[in-house]
Amino acid sequence: MSIRACLDTIAAYGLRSIGIGERLLPKRDFTLCEHFTLIGSGLLWNLYFGILAIFFGFFLANAIAMAKANRRWWLRKPAEWFIFVFRGSPLFIQFFLFYEAFVLLPKMGWDINLGFTEITVETRWLTRAWLGALIVLILNTTAYSAEIFYGALKSIPRGDIEAADAYGLTGWKRYKRIIWPTMLRLAWPAYTNEAIFLFHATTLVFFSGFPAWRQKGDALYYASYFADKTFNPFVAYPILAGYFILLTLSVITVYGAINRRLNRHLPQEKQRRLRVRPNVIR
Amino acid sequence: MFSWCTDPDTLEGLAWLSCYLTTGKHMAFYRSFGTVMVLLLVTAPVALAFGFAGAMAARSHFAPLSWLGKGYTAVVRGVPDIAFFLFFVIALDQGIEYLRHRIKCPDWSEPIRQGNDFVVCPAAKMPLSTAPQWVHETYGFALAVITFAIVFGAFAANVLYGGMRAVPRAQMETAEAYGMSRRQAFWRILVPQMWVYALPGLGNLWMILIKATPLLFLLGVEDIVYWARELGGSKTSAFTYPHPDWRLYYFLALLAFYLLLTRVSEILLDRLMARLTHGQATSGGKSTDKGLAI
Amino acid sequence: MKKLVLTAAALVMSAGMALAGSHATTVRMGTEGAYPPYNFINDAGEVDGFERELGDELCKRAGLTCEWVTNDWDSIIPNLVSGNYDTIIAGMSITPERDEVIDFTQEYIPGSPSAYVALSDDVDTTGGVIAAQTATIQAGYVADSGATLVEFATADETIAAVRNGEADAVLADKDFLAPIVAESGGELKFVGEDVVIGGGVGMGVRESDTELKAKFNAAIQSMKDDGSLNALIKKWFGEDAQTF
């Protein structure tokens, strides 16, 4: 297996998952290079779903967590129910129910004039993974993150809030300056875990949720394609696992960097204590 | 089941439904709810044990052991559980049979790997091919428990490791001052106190474990999802009770089951947590005035 | 610790000796249980269908004790080569790819055609949107045909996709589709030409299991010779089904 042949494979299949390159998938005599290229190409979808869902979910989760912590019942109750339903049911059931609902929608299109150009929005897109599954993932991660943020809100040291009161900070200012940063700092380790889980959950999109069009799927889709053709699960799935370990490590690195930034005002000594494992027993 | 069920073709309405819902297949469906509950109740302590071992290894002062503990949590947490389940069970099964083969058939001359085939001597089969079906099912179930426990043990190890670190250092210093050995201080001071810090994380993990049970069917266990799919799919008149695609109703029933299980778990965990955090100086500790934080 | 290992080893040894005496030939028959009328789980919760009846008869003729197990389609071959059961009898078409990994007995159903099913007659089977089940020979065929392939995890979902308009047509085994079309009340219909993709249907066995393969081959041959196989095919697939 020469490097040149592998480069050809990468050129042909590197972007296969988004429909660029060779249309037909390899059929026999699979090389390791083909395994790595196609599964890696599928990883683009996992990144797409994961990054967008976390991005939109973050803002929504802040709002929902605030609503759940609110004194007014008409804000609190819907937030509590939203979190309960989405945290309380398996993701694949959510995929199934949403897909069933989306295909029932009448197939319509609206023309939206943006001034310089006109685009058509169609309900048909909701049955496609890139939009439908993304919506489900956003709602799912919103519920989990909102619960984490809510838990953090509840564990903000009373002293911090009392100090803010004593300085005359109220309303929005108190929220922005004291409550929100403290909440985020407390929630961050758990939120890191949620991000890891979400990236893992993106493998369910094509596995038990939405149909794959023109053999464009995520990393697991191609891994199971190879496993089906070679009847050998011991090559494709470990490669998939390897990719995901790298992905998880990058998530941990990015979130760790943000965590350090969130804690940068803390006394240096305490910061170091957080990073280096204290030698508790000797 | 009922006396009137002998000829389902003539039945209508509720009578038909009463017969339909009590077929042998539906009984298997109802039993599978028990399977899932048993799996959860067996897996949770096993996973906790894996987690505890992992956390202890990770904080060991013996470097290779510490690497092993950290490697275990890092690798298993990094892989989506679904990908892990797709190849790990077969690998585990082959590993067990390989060891049994080595012990039981030392004189076996043929290679174990013959092309694609994995062939061990008949006596090393796990379970033996002569064993009744329930033994095979129990073995499959045990493999599923071990696999689940390894995956969730890695997450539990992470949570427990954090819990151990969160115990105030002064506590351990006091223990040292009282002349306790390392081992004594660990078991008498650190372990009893870490649970308070680890409980929220462990509770969260329990919720995630509940939601991972639909993956059981990947491990060859016929669970509620397998039966819901099987029963809900459209049935032609080759079946005694033909019906169109009813998966929606079956999945709604599963939804209700999972929501109920989550609610009960939440109530129990909340009670436990309220008892443990009673009187702590956080806005949650004084939770009677809901919404004060904002 | 050492003591513990020794005890465990002793236990294993004695258990092995006790069982070595009763070395009977139980053949575990692996099937999917979700592909009527080939194989399905009947309302009593047992494996039923054409292949159940065929398999029981073959085992009787070959003098074997057989036991039925179900396994997910996706991992049905890896579990066979791994030794979790001894045969696959699950409507599996003989294809060169599969033949590289496992061995097949002779055909017990002649090469059965696949067919397109749609809501209306004017469907473009080579340019439209065609649904198929993931990892079937039909999915591979559609991908090559130039049509837009949509893959679903189960066969049920492919039919549902045609009904709700997601796909223009579905490509699947004609024997599987025929009762669905017949009972749809004219909603679904066969369109275009039938296509023959795989070879006939045979039983899968491990390549190293030549003895078992020979036994089943002989049993299938005897059923072909006395006409009982043709009768069985007609019973389950209708009078028009292809026979030997």
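Each chain carries a letter (A, B and C) given by its place in the written order, and its residues are counted from 1.
Going forward, a contact is a pair of C-beta atoms (placed from the backbone, for glycine too) under 8 Å apart; a residue touches a chain by one contact, two chains touch by 3 or more.
Just so it is clear, the structure is predicted and the values come from calculations on it, not from any experiment.
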item: Neighbouring chains common to subunit A and subunit B, by label; value: C
item: Farthest chain relative to subunit C (centres taken as mean CA coordinates); value: A
item: Per-chain CA centroid nearest to the all-protein CA mean; value: B
item: Which of A-C and B-C has more C-beta pairs touching across its chains; value: B-C
item: Computed distance of Cα centres, subunit B from subunit A, in Å; value: 23
item: Centre distance in Å when subunit A and subunit C are each reduced to the mean of their C-alpha atoms; value: 38
item: Centroid distance [mean C-alpha coordinates] between subunit C and subunit B, Å; value: 31
item: Contacts with two or more other chains, residues of subunit B listed in rising order; value: 86, 90, 116, 247
item: Contacts with 2+ other chains: residues of subunit A; value: 207, 224, 227, 231-233
item: Residue list for subunit C, restricted to those that touch at least two other chains; value: 75, 78, 81, 101-102
item: Sites on subunit B touched by subunit A in the complex; value: 59, 74-75, 77-84, 86-87, 90-91, 116, 155, 158, 162, 164-165, 167, 169, 172, 176, 182, 185-186, 190, 200-201, 204, 207-208, 211-214, 225, 247-248, 251-252, 254-255, 258-259, 261-263, 281-287, 290-294
item: Contact footprint of subunit C on subunit B as seen in their complex; value: 23-25, 27-28, 86, 90, 93-94, 97, 100, 103-104, 114-120, 122-123, 125, 128-130, 133, 136, 217-218, 220, 222, 229-230, 233-234, 236-242, 245, 247
item: Complex contacts: residues of subunit A adjacent to subunit B; value: 66, 69-71, 76, 84-85, 87-93, 96-97, 100, 151, 153-159, 161, 175, 179, 189-190, 193, 196-197, 199-201, 203-204, 207, 220, 223-224, 227, 231-234, 237-238, 240-241, 244-249, 277-278, 280-282
item: Footprint of subunit A on subunit C - complex, ascending; value: 74-75, 77-78, 81, 97-98, 101-102, 131, 134-135, 140, 143-144, 148-153, 157, 161, 164-166
item: Contact set on subunit A toward subunit C in their complex; value: 24-25, 27-28, 103-104, 107, 127, 207-208, 211-215, 224-225, 227-233
